[in-house]
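What follows is a pair of complexes built around chain A, which joins chain B in one and chain C in the other.
Then we have the complex of A and B:
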C-alpha cells in the first residue's frame, strides 16, 4: 500500500491532518495512507515523503539552506 | 880612396842575397801574419757589429713584445673591468628581480591568508548566528506559529 510519511515537530491537529490528507490525495495518490512522524529536530514546518519524492518545508531545512547560501558568499 | 869594382859587385850581390833571404824568410811570414791579424780584426769588428745589430734587433723585438704585452694587458684589464661591471649589473638586476618576486609572493601570500582569514571569520560568524537562530527559533517557535507555518505551506502546495 502506498504511504506518505509526514514529519512535523509536534503532533498535528485533526484539522491539519485532514488538510494534509486532502493535499496528499490530490497531489500524490488518492489511495495513499498517512504515516505521521514527530521529530522535534525539524523545529517547525512540515515534510512530506512519497516514495522518492519529497516536499520539505521544515524550518530546519530552510535554515540549512540559508546557512549554505551564506557560506557560499 | 880607391874604388874596387869587384868589391862593390860582391857587396851588391851580398846585399841582394841578404835582401832576398830576409824577404823570403822574414818579411813574407810577417806580412802574412799581419794580413791574418788584420783579417781577424776585420772579422772581429764584423762580428761585433753583427752582434750589436743583433742586440739592437733583440732590443727592438723586446720593446715590441713589451708594447704588445702592455696593449694586451690593457685590453684584458679593460675587458675584465667591463665584464666585472656587467656581472655586477646582472647581479644587482637579479637581486632586484628576486626581491620583487619575493615581495610579490609575500604580498600574494598575505592577501590569500587575509582572504582566507576573512572567509573563515565570516563563516564562523554565520555559523554562530545560525546556531543562535536555530536555538532561539527552537525555543520560541510556539504551536500557534508552527500551525500557521504549516498552514501556509499546505496552502502553497494546494495551489
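Then we have the complex of A and C:
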C-alpha cells in the first residue's frame, strides 16, 4: 500500500486534510493513503514524504536554509 | 528600534542578505541513516542515487556514495563526522564529486574538497572540475617531445623525463624521494610549467616545512598544494590525488604544461584499503581490494600530452612509492611500476655512502623521456650511462686484485669522477647549459687532474667562473640546445684555463 507521510506542527483541520489529500492524489498517486504525523519541532509548514521523495516546506528547514546561506556570504 | 540602529550599515546589509536567501521548497530524494561506524554511514532510501554522488548529510557535511546495495547505500563521510545520529535525514545532491577551481588557486593550499586551508580566505570558483574523469583518448594525444627539466644532473642526463610522462620515484623511507620531487618543482621557475603538489598521509609538520620552503624559494607563485595529512580521514586521503589532478586538468584545458607530484601513493593505497575493508568489500593480496590496480591506473592514465588540436597542454606525473627494505616486488610497487613510463630507484646504501641523490642508475629507467632530451645533453651524456655501468663492473673486480694495468686504473679514476659529478644538493637545481658544461668536463677527462673529493667545490667555482667569463657560451647552448663543432674547443679551453687558475683542486703528488 502506497503511503504519504504528512508531517505538520499541529493537528490539521478536516478541510485542510481534504485539500492536502487532493493535492497528493494529483501529484503522487491517486491511490496513496495519508499518514498524519504531528511534530511540534517543525514549528510550522508542512512536509510530505512519499517513498524516498520528500517535499519539505517546514519552517524548521527554511530557517536552516537561511542560516546556511547567510553563513556562506 | 532606534533610528540610528536602522541606518547602521550592518543592519542594512543583513536585511538585504535575508531577502536574497532562497527558501523555496524543492522535491528531494532523501534517505535515513541506519547505522554509522568508522566513517561509513549506512543509509536506507536514496533511491536512484548514483555511484560516486555527493550526499548532503546536513550542516555542511557531505558523504560519498560508494556501495549501492539492494536495500541500502553505504557512504563514506568527507570531513568531520560529529553528531551524526541514526534516523537523521540525508539528501541527494545530484552532483558527482567535483572541485571548484580558478586561476587564483596557484599559491594556495587546499584540502581534498578544494577548500582553502591556508587561512588566506575563500577561493573564487570559475569552473567545477570532476574528480573522476575518463583519461584523454588516443586521438587527442601526442608523443612526448618536450623535456621536463628536473635540474638534477643524474636524472636529466641519464633518466630524462618528458612533459606528459609518468615517472615513478621509488625507494625506502628517507632516501630523498620527496627531495627529488621538490627539487623538480623548484626548477620549474621560469620554465612555463605549473605545479601541483599532492600530499597524502604525510605528517602535518613536514607539510608545513614543504610549504615554507616553496614559499621562501618563490615556488608557490606557480604551485598549488593539495593536502590530506595523516590526521585527515581515509576518505580525504583517498580523494586528494584526484583533486590534485582535477586542478591540473583545469590548467591543461587552457593548454598549459602542468607537473603533478603524488607524495605518496603507498599511503593512498592504504587509505583506499581502509575504506574498502570498512565497506566490507572482499580483500585480496596484502588485504588490498581487487580494484587497487585500477585505483592507480585510472589516476596515472590521465597524465598526458595533448596534440595541438586539443590545446597542446600536458600533465607530467611524478608519483612516489615508499618501499619496505628495498622490496620493489611488493604488491603496490609492482602495480605502479607497470603503469608508469619508468622509475627512479633510490637506495639506502647509496644514500648512506654519501651519494646524494641516491639514484641507482643501473635500475632506473625512463621509457619515453629520451625522445625529449635536448641534443646538447645527448651529446655529453650519450655514453655516460654505459661508462658508469662499466665502471661499476670494474670496481667490483678491482676489489679482488691489487695491481691493475694502467688502462683499467685510468678507467676507474674516470668513473669515480663522473660518479662524483652526479652528486648534487636537492635544492640546488642547475640549468641545462650548466649541467652540460659540468658533464662535458667529466666525460672528456678534464677532471682527471682534479682531486676526487674536491669535485663539488670545483663544480661550484667552475660554474661561477663560466657565468662571469663565458655568459655568451652558456646563452648559446641554452638557445640552440646543442653544442656545435666550433664550440667544443672553446669549452675545452675554458675548462683548461679555469683548471690552470685553480691549482688548489689538483691531485697532490705524494
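The definition used in the following text is that the second predicted complex is superposed on the first by the 73 of 73 C-alpha atoms of A that agree within 3 Å, B and C clash if a C-alpha of one lies under 4 Å from a C-alpha of the other, contacts with A are read in each partner's own complex, and residues count from 1 in each chain.
The rule we apply is simple: a residue touches a chain if its C-beta (ideal position, glycine included) is under 8 Å from a C-beta of that chain, and two chains touch if they have at least 3 such contacts.
Here the structure is a predicted model, which means the values were calculated and not measured.
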Check chain A with both chain B and chain C modelled on it and let me know: fit or clash. fit
Looking at A:35, would you say it contacts chain B, chain C, both, or neither? Reply first, second, both or neither. neither
Could you tell me if A:9 is touching chain B, chain C, both of them or neither one (first, second, both, neither)? first
Touch test for A:43: chain B only (first), chain C only (second), both, or neither? first
Does chain A have more residues touched by chain B or by chain C? B
Determine, under the contact definition given at the top, whether A:70 touches first (chain B), second (chain C), both, or neither. both
Roughly how many degrees, to the nearest 10, is the angle at chain A when you join its Cα centre to the Cα centres of chain B and chain C? 20
Should A:52 be classified as contacting the first partner (chain B), the second (chain C), both, or neither? second
For A:23, select first, second, both or neither according to whether it touches chain B, chain C, the two together, or no partner. first
Shortest C-alpha to C-alpha distance from chain B to chain C once the two structures are superposed, in angstrom? 5
Residues on chain A lying within both footprints (that of chain B and that of chain C): 55, 57, 66, 70, 73
Mind pulling up the chain A residues that touch chain B in the complex? 8-10, 12-13, 16, 19-20, 22-23, 26-27, 40, 43-46, 55, 57, 59-60, 63, 66-67, 70-71, 73
Would you pull the chain C residues touching chain A in the complex into a rising list? 17-18, 20-23, 25-31, 45-47, 58, 60, 89, 91
Quick one: in the complex, what on chain B touches chain A? 122-123, 126-127, 130, 133-134, 137-138, 141, 143, 145-147, 149-151, 153-154, 156-158
Touching chain C in the complex: which residues of chain A? 49, 51-57, 61-62, 64-66, 68-70, 73
